[in-house]
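Two complexes are shown next, each including chain A; its partner changes from chain B in the first to chain C in the second.
== the complex of A and B ==
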């Protein structure tokens, strides 16, 4: 129930921040309406980095504690991270077309870094798909997630060196993103969108984590041959519900031990 | 100190074993080198006959050739171990797991250097680039690039060795990771060939060396977990 409240709050917050970003804030003097893309774009990019940080930390957690709940956090965070990375690239391209005149700007280190980020974590998810054994999959994923996280700063700085003519990140130089006469609404719109997106991220993470636990339990149950037996003897199955569905699918796995 | 020496001894033994197996079989080594040469030839077709354009693109093409052929090489040294339960035997050795990683990375570096020895003259001939003047710096760049690539490639070969789809997964995982290496190596090679007019060469070599150190430490630290499976 708590998760559901969080979910509803997150959706409302995203809607409110979107409406404010579209209609509440004046358009940028130089970039016009295109600048409004920055609110979800910056928020998505922040969540992409947050996600992959969480994935790496959860991987370390698994390697040390050998608890599959860490791996469930890792996969949940990585999947949501891929989603927000794709959103960040999409937003960046949509913004780049009217402002820079091209979808893809090789001079921009962040766009290039983010594209590699997407490739790294799509690879991470594909690798997970190919491993059947839960412990093996968790170990492989953990080390790959860790090395990928180590690589990200190197990628970022190398691309900055590579294209030394880059413009500094807009987020840290307010004069570039903010309306000179009305900075407060711009800051408000950006911070509001960041908060709303982060709420939505938290909700997605919890839900995907629950799903990952359920998937694990199902895998275990299949290995124990319990699913087949359960199917031949029809029983009422709980549908939906907050923590209920997870508890339901966890039960056969525990019986198998 | 003794443990470091022991690590080196074990690593050398593993690298030597793989080198002997490869030299006796020959097919894999020859086919990898041939593949690299064909890739360089095809780059020439792809970019057309304009000698200026080919010479300008030469550093990038050299490193793409090295990376593509290097992927085959590092994958190969782990594939060797999949037959007859050799991988399980390897993990049963009472040695530090890091020395197994070091051995596999060492043979990877040797393979990359062999590729470099073939590809650098080939680039000079096919794309009409004067490499002789820049040879010492070029050699240093190839050595640093080879170490970094072998460090990453060996780690991911360990990740994918037991997968059914390892032929696809190894490049898919390695290529985005080595992007900074490719970038720095190409920049260093370009600077070296041009006589370093902008004095940027030391910075790129530093980046390469830094990448090597970080990836060797990361690989050595995590490779052991993969063998425990």
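== the complex of A and C ==
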């Protein structure tokens, strides 16, 4: 019930933030209306970072505690992170074309490291499909999730470390978005969209976690069913005692000669 | 509104993508829970 209320609140918040971003806040003096894409683009990028950070922490949780609930959180957050990374890239492309004149540029470190981030976590999700053993799968995924998380600070600081088309970081730089000179409607639009998307992310994470737990329970039921069936299956009856069964088992081998 | 096509494409895909994923997630969850119903040993 609480999750349902959270979902409804998130929908209303995203709708309100979208309408405000599209029609409430004035157009940027230099970039015009294209700058409106910044609000969902930055919010998506923030949630991509958060998702992969949660995946890494949950992976550490699994490696220490060996509790599959951590692995369920990790996979849930990774899948949602892939979604938000793809949405952030899309938003960046739609903003970049009218402002930079190009959708994409492989020379740009922010764009390239973000594409790498997406590829790493798609790989993470694919890797999970390679094993049916939940413990082995969780261990492999935790290690990959930790290694892949190294790319998060690289993406974030790429615009500081290297020359880039991309502007410097917007969030985690409070002096920029909360600067006294920043017009209030722009700050409200960005903070409102961040809050709305974070609510939606929380709801998605809860539901995806529930799905991961349900899938694990189903896997265990299938495994348990197979074991029960194997145990209850009738055993082969030895005809004529042990010698007979030995003779039966030897017969095909002798026939093969 | 200038660059209206890019603004609509940006918002449409991001907000629409979120909505589509949420709907798909609810469907997957309902299906997974259905499979766990009593009497189903997963066979």
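As a working rule, the second predicted complex is superposed on the first by the 193 of 257 C-alpha atoms of A that agree within 3 Å, B and C clash if a C-alpha of one lies under 4 Å from a C-alpha of the other, contacts with A are read in each partner's own complex, and residues count from 1 in each chain.
Quick note on the criterion: contacts are C-beta pairs under 8 Å (C-beta built on N, C-alpha and C of every residue); 3 or more make two chains touch, one makes a residue touch a chain.
As the structure is a computational prediction, the values presented were derived from the model and not from experiment.
J.: Check the contacts made with chain A and report whether chain B or chain C touches more of its residues.
T.: C
J.: I'd like to know which partner A:65 touches here: chain B for first, chain C for second, both or neither.
T.: Touch status of A:65: no partner.
J.: Scan A:150 for contacts with chain B and chain C and give back first, second, both or neither.
T.: After superposition on chain A, A:150 lies in contact with chain B alone.
J.: In the superposed arrangement, does A:159 touch chain B (first), chain C (second), both or neither?
T.: The first partner, chain B, only.
J.: For A:126, is the partner it touches chain B (first), chain C (second), both, or none of the two (neither)?
T.: Touch status of A:126: first partner only.
J.: Per the contact definition in the header, classify A:139: touching chain B only (first), chain C only (second), both, or neither.
T.: It touches chain B, and chain C stays clear.
J.: So, does A:116 touch the first partner chain B, the second partner chain C, both, or neither?
T.: Only chain B; A:116 stays clear of chain C.
J.: So which bits of chain A does chain B touch that chain C touches too?
T.: In chain A, no position sits in both the chain B and chain C interfaces.
J.: Please output the residues of chain A touching chain C within their complex, sorted ascending.
T.: The touching residues are 7, 14, 18, 21-22, 27, 32-34, 36-37, 40-41, 44, 83, 86-87, 90-91, 94-95, 97-98, 197, 200, 203-204, 207-208, 210-211, 214-215, 217-219, 221-226, 228-229.
J.: Can you list the chain B residues touching chain A in their complex?
T.: So the residues of chain B touching chain A come out as 152, 155-156, 159-160, 162-165, 169, 172-173, 175-177, 179-180, 183-184, 187, 203-204, 207, 210-211, 214-215, 218-219, 222-223, 225-226, 228-229.
J.: Which of the residues in chain C come into contact with chain A in the complex?
T.: Per the stated touch rule, the residues are 1-4, 6-7, 9-11, 13-15, 17-18, 21-22, 25-26, 28-29, 32-33, 35-36, 40-43.
J.: Show me the residue ranges of chain A that touch chain B in the complex, using the header's touch definition.
T.: Answer in residue numbers: 63, 116, 119-120, 123, 126-127, 130-131, 135-136, 139-140, 142-144, 146-148, 150-151, 154-155, 157-159, 161-162.
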